[in-house]
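Dropping the structure in here first, questions after.
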């Protein structure tokens, strides 16, 4: 029992709990993002409500955690790395909550796609996009779980794939305008835009972790 | 929230889901966060109740009409500017004020429903159940062992004294530092260690309640944080009341906070209770402007 | 290049230097220090001269007689007279003072400091004790003659002297030093920090437990030091003993006397021996034996004072 007595053991526990809860929330959001991708690419209309329903606990958890971070800021007077982490945590919470909302928004577009003729090129691009953004988001959650500053530093480059695929998707949709109809076009634009936004949130989360760890925000427009 | 597009999801829904597992992730091993400090539940029973307590020193009205409940296994902090009567109130709880000849308490302080100021109540018995730790570490000029053993000895403790001393010192997070020098003078310890020794001495008599009158004000920051951490551990077993002039300390350690202020009337300074609430509320959203001004450092 | 800014800095520096530097040693304070030093040296010189005079007068006695001067009893013959009888008498008086004045004085001090309410009566008692400490010792001699001598006789310890014995002398000396024991003990008790008392009460000790376990042990060094010093005072006092009938001439205790006979019979004390020898018409007594007896008395007193200082140093600075 050397060093039997950390001076702020209880406070350290609280910070650990916040980090663990962030990872858990991120995992819940990530799971819903993947599910939204499946719903969109396989047209599983019957699972739309499940994805929407799964966002409720995410929101509840978000508010709960936000309050906890707020309370710790008020009561424990964090400084230095603790302060950076908690400030980053409030931003990460916001990014995660928004990402969860975007997954909900994505599945809501699925009904508009009902009855649209199958197009392999479009399905392939949506699949690639959903996969890429989900991976980006997973990576961000990993950065939180391991407090890995490197992930945030490389995040902009990593995110380029999503941007490229989104551009390809928009081009393909425009070309097939007449075949699939205006409503499906709008739906697909939204879906593309939302997945891309999710990946952006993932980038931001990883960058907030970089800030929490190093005290510096990664270069880029962050 | 401006960039939210086409969503009808109610994002201010505070209700918890039936089962979190439904939405549970596969990605990372998770553990649910436990309830953090500052959000006490009302499950803890009231162990001490101050009702309309007035304190006088001779003709001087020191504290005006304080009423508040103290719940068991919580840390209750008294904060406020100098002369607000917070020390007077805490010292009245175990009748330490009896030792000041001119001091007088009116109103009732009940402990498990029994009025501590009822005729026939023995203050010595009260103090064995409601122990006290003082502002300046005040070990007896004796060995570390004798310091801890004194209380149990006078209350005719019949068990294994060595074991009790070890247990008390362990609970006070001091055992590892002193186990090889129990017969050394307590004065050989550092200030922070002395204060933990005083805490060990206080808990050796197995009190219900520990009163701490500015227990860290004479200590350096690290020793202070150790005492605070110790308080967090001790509240699993004891009810703690702490007076502190350090607001941040109250924020860090307490579950509930009482803010006292002082009125100056005709040259007399009379303390009174302004606000009593759970600590998170006091420090994030106090209901009284006076509290707000004090904790934000704009008054006092 | 001297800019306006650096000129201003230089001016400030000069002004500050002028303000905080003084022009040299202040004559007034130097003179005062020298005066104090001179007074100190003067008192030491007087003391040293006195001691040297006595020591030189006493030296032949110690040189010729050796330990027999200390070990021999009183005698009319200067060649064999010694101070032993006086030493024994003084020791018995000191012993009686210790067993009477110490417990009574400490008990009174505890009462005054710990129990007595802070009211006019207590303050009156306190003031009276302080005044009693300043009463001339001869007055205690009169008190002893008027009260203690008859009392000792009354309880059957009068012996061959009718009460004018070492028991009455001890009681009288105890009364003489009692106020001082009370005052020094009260000071020692008062100097025990209140935090120690709080600590005791805080763990549920009664008032007597706090006093007996913490206050008295903490105050004991101070009390003991004070008591030893009062014993030294009792050792050196002469006047009260003269009033209550100490033997100032030669006497010889019966060789087969019991302890009671010795206690109730005639007695003398070391300072009284000095006093009576110095009044002797035989030159040997006044010129050589009396200084030698003074040296013995001073040695005992210095030893007692040294013991008191040792006690204090050993226990000082514990808070």
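Every chain is named by a letter (A, B and C) in the order it is written, and numbering of its residues begins at 1.
Criterion: a contact is a pair of C-beta atoms (placed from the backbone, for glycine too) under 8 Å apart; a residue touches a chain by one contact, two chains touch by 3 or more.
Quantities reported herein were computed from a predicted structural model and do not represent experimental measurements.
**Student:** Assign the assembly's chain-to-chain touch graph to one of these shapes: line, ring, star, complete, other.
**Tutor:** Topology of touching chains reads as a line.
**Student:** Taking each chain's centre as the mean of its C-alpha atoms, which one lies nearest the mean of all protein C-alpha atoms here?
**Tutor:** If one averages C-alpha positions chain by chain, the most central is B.
**Student:** Across all chain pairs, which one has the most C-beta contacts?
**Tutor:** Highest contact count belongs to chains A-B.
**Student:** So, what's the distance in Å between the C-alpha centres of chain B and chain A?
**Tutor:** Here chain A and chain B have centroids separated by 43 Å.
**Student:** Distance between chain B and chain C based on Cα centroids, please, to the nearest Å.
**Tutor:** 51
**Student:** In whole angstrom, what separates the CA-based centres of chain A and chain C?
**Tutor:** That pair's centroid distance is 89 Å.
**Student:** What are the residue numbers in chain C that touch two or more other chains?
**Tutor:** Not one residue in chain C touches at least two other chains.
**Student:** Quick check on the complex: what are the chain A residues that touch chain B?
**Tutor:** These residues of chain A touch chain B: 1, 4-11, 14, 17-18, 20-21, 23-24, 26-28, 30-32, 52, 54-61, 63, 65, 68, 70-72, 74-77, 97-98, 101, 104-105, 108, 138, 141-142, 145, 190, 194.
**Student:** Where on chain C does chain B make contact in their complex?
**Tutor:** 117-118, 193, 195-206, 209, 213-214, 217-218, 318-319
**Student:** Could you list, by residue number, the parts of chain B that touch chain C in their complex?
**Tutor:** For this pair, the touching residues of chain B are 94, 96, 99, 101, 124-125, 127-129, 131-134, 136, 138-141, 150-151, 154-155, 187, 198, 201-202, 204-205.
**Student:** Across the complex, what residues on chain B touch chain A?
**Tutor:** Listed in rising order, the residues of chain B that touch chain A are 3-7, 9-17, 20, 22-28, 30-34, 36-39, 173, 176, 222, 225-226, 228-230, 232-233, 248, 251-252, 279-280, 283-284.
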